[in-house]
Amino acid sequence: MPGKMLENVRATRPLVHNITNYVTVNDCANILLACGGSPIMADDANEVEEITAVCGGLNINIGTLNSRTIEAMLIAGRKANELGHPVVLDPVGAGASKLRTETALRIVREVKLAVIRGNISEIKTLAAGSGTTKGVDADTADAVTEETLERAVAFAKATAKSLGTVIAITGAIDIVTDGEKAYCIRNGHPMMSTITGTGCQLSALTAAYVTANPEHPLEAAAAAVCSMGLAGEIAFRRLTEEDGNSTYRNYIIDAIFRMTPEQLEAGAKYEIR
Amino acid sequence: MPGKMLENVRATRPLVHNITNYVTVNDCANILLACGGSPIMADDANEVEEITAVCGGLNINIGTLNSRTIEAMLIAGRKANELGHPVVLDPVGAGASKLRTETALRIVREVKLAVIRGNISEIKTLAAGSGTTKGVDADTADAVTEETLERAVAFAKATAKSLGTVIAITGAIDIVTDGEKAYCIRNGHPMMSTITGTGCQLSALTAAYVTANPEHPLEAAAAAVCSMGLAGEIAFRRLTEEDGNSTYRNYIIDAIFRMTPEQLEAGAKYEIR
Amino acid sequence: MPGKMLENVRATRPLVHNITNYVTVNDCANILLACGGSPIMADDANEVEEITAVCGGLNINIGTLNSRTIEAMLIAGRKANELGHPVVLDPVGAGASKLRTETALRIVREVKLAVIRGNISEIKTLAAGSGTTKGVDADTADAVTEETLERAVAFAKATAKSLGTVIAITGAIDIVTDGEKAYCIRNGHPMMSTITGTGCQLSALTAAYVTANPEHPLEAAAAAVCSMGLAGEIAFRRLTEEDGNSTYRNYIIDAIFRMTPEQLEAGAKYEIR
């Protein structure tokens, strides 16, 4: 099934509008091209409606947000809703500041989302309507491990139901759920956390996948998560003893570029709960 | 002749002021250093006149424009004109939104440009004073191919004449013309379109080339286009079966860094029409 | 001693708040992760106090500054002071425009700084309260060489004393001083100047080092400078004849990622004056 989702990305070449942070924006653009999609970045309130209209999907990422871009996010989100385009939200750092928490919560309230992709702390912040995270990384206390998985799945399902969207919580084990069915995904490599923006990149990928598979947001988001993790595994195997996180970043995007539907189908490691 | 143009870049190390988008800005800076130039990025209206004054050329790229940076583009452009510095415009996404189209047209009207570098859809938008493009990539219907080349050259020449600037239309075949003479360039590789910002990088390169060769804007722009395409060819030959667009991006900049005037002279594939 | 400083970075994983330019921000984030720290980027005045409060240190870089971010720099700087967090200033392009010079001088006046890291022209601008630089690179006339070293050390010490902070002047020979003691560092490679943002990256690294070694800002800053230079040497040795500045950039970050305290201790080349 993940292979089929990727096949549809390659076949339809979804154009994704991104309003995203300036830290990882280049990687987001390159990974969208790598998967077979096409990126456009635009964040001025005066043009986001038109830009969203020529695209098939919208990816909103609140890292390095500011009052100018927040307004653009809301305008673009409403326009995408009007046109029936899927919208992905990456609530980067929700819980770390009032501005981020409130912006994320406001987007959740005012925009119909197809997928929210974040770490467990960020999703907990959205679920609680408040919270604290250590910077943009997940609190260790929140980590999803084999021990806490059952509880985390229950939490993710309840949140997906209450927010009416697919929730993708990524970490050592990833959980993707629409409230009924949860994919528990064991792809990936710990070294991925030493690169800035693997989460941002995954959110962009997810937007491409859900845009190309509009009838299957849950399966599409799960496939995107599997593909990112699998790319992390493939890229890790290429590293020499001199390579570090910068080369690793390049190799992950390379692996997304080279990934075939067959490879993804065979390499995806998930169970459904 | 392209070799001589590069020689002058290496000899004079042109300092280029860039007002550009935040998606590909790092690549633009690194490719300017790679070719032998030197970049400075500054987009605040309160400093762009001074920054432009210490530079030799100006590169204006309207990707991720906003009201704050649009003002800075116009101020910097007028100052560069006053000082006789060459100005390159990259009308990223002109046609995709009113804001981009109107901004590009306003810059064309208010700033004397040495070169406009864009894809065929963007240049058509400028020529028509309006238009539509699919995001930031060229419409397939507009593609310059062997079949449409003659018509495209005529269009490019007419546009260059009417706008009073060198026009560089890049795609499968590139056309660079001052209205009288047109270089049709067949360097490059299709895989270049899988990297974000090869166009932006080329515009930055072009600014370095025209700054270093002020008497020969047509030949300088054509040489810059040849060098980018040749770098795409050289970089492609280095790729292994595991490499994708991220490594390709690095190798293209590397190839610009290593390129000698002799190599460019020998590798440039162009005819004059 | 430099090895011990790195050991403390790895042990404490300092979270560094960065308000920095959009040109090199991704590299700054990745090099912070590479050294063992953790980055968070946030530049909106409405959230920088909270973000700085969850971090251990603050890195202010004035490249691509604008009125919105200048305000955020000052707010964050004052908050960091209140909390006793070390603040690093990178006065990118001070001397190139009034806006940059005045902003840098204002930060120096209003924020207590642990370290100022810049090239000799930028530091001279701060010392003089005015000045000129050629773009963002140091004036050749200002270069620190064996011939001018003694004079430069005296200048650096006097500046450190009068500004009440550690001064790190980087170039062919680097000088790091608190006004009493000066480290003269001979690590690095000339090719580092062909990459955009090695200075910005070093400032981010320095912030991680001083955050992890709060009692030893001079030694921490000197260790950060040694580590960056050593990474430049290690990365240079990996380059093939086809590699250029883009691959070099990746390899430098990789070398920071792989660097052990023992390697830094053995490879650091400094004398104390």
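Think of it as A, B and C in the order they're written, each chain with its own count starting at 1.
Operating definition for what follows: contacts are C-beta pairs under 8 Å (C-beta built on N, C-alpha and C of every residue); 3 or more make two chains touch, one makes a residue touch a chain.
The model shown is predicted, which means the values in this text are computed figures rather than measured ones.
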Relative orientation of copies chain B and chain C, as a Cα rotation angle in degrees, nearest 5: 120
Residue-number overlap at the chain A/chain C interface, same or different (half cut): different
Mean-CA-position distance for chain C and chain A (Å): 33
Shared-contact residues (touching 2 or more other chains) in chain B: 22, 26, 249-250
Complex interface listing, chain B residues touching chain A: 21-24, 26-27, 63-67, 93, 96-100, 134-137, 194-197, 241-247, 249-250
Residue ranges of chain C in contact with chain A within the complex: 15, 22, 25-26, 29-30, 33-34, 38-44, 46-47, 50-51, 54-55, 68, 234, 238, 249-258
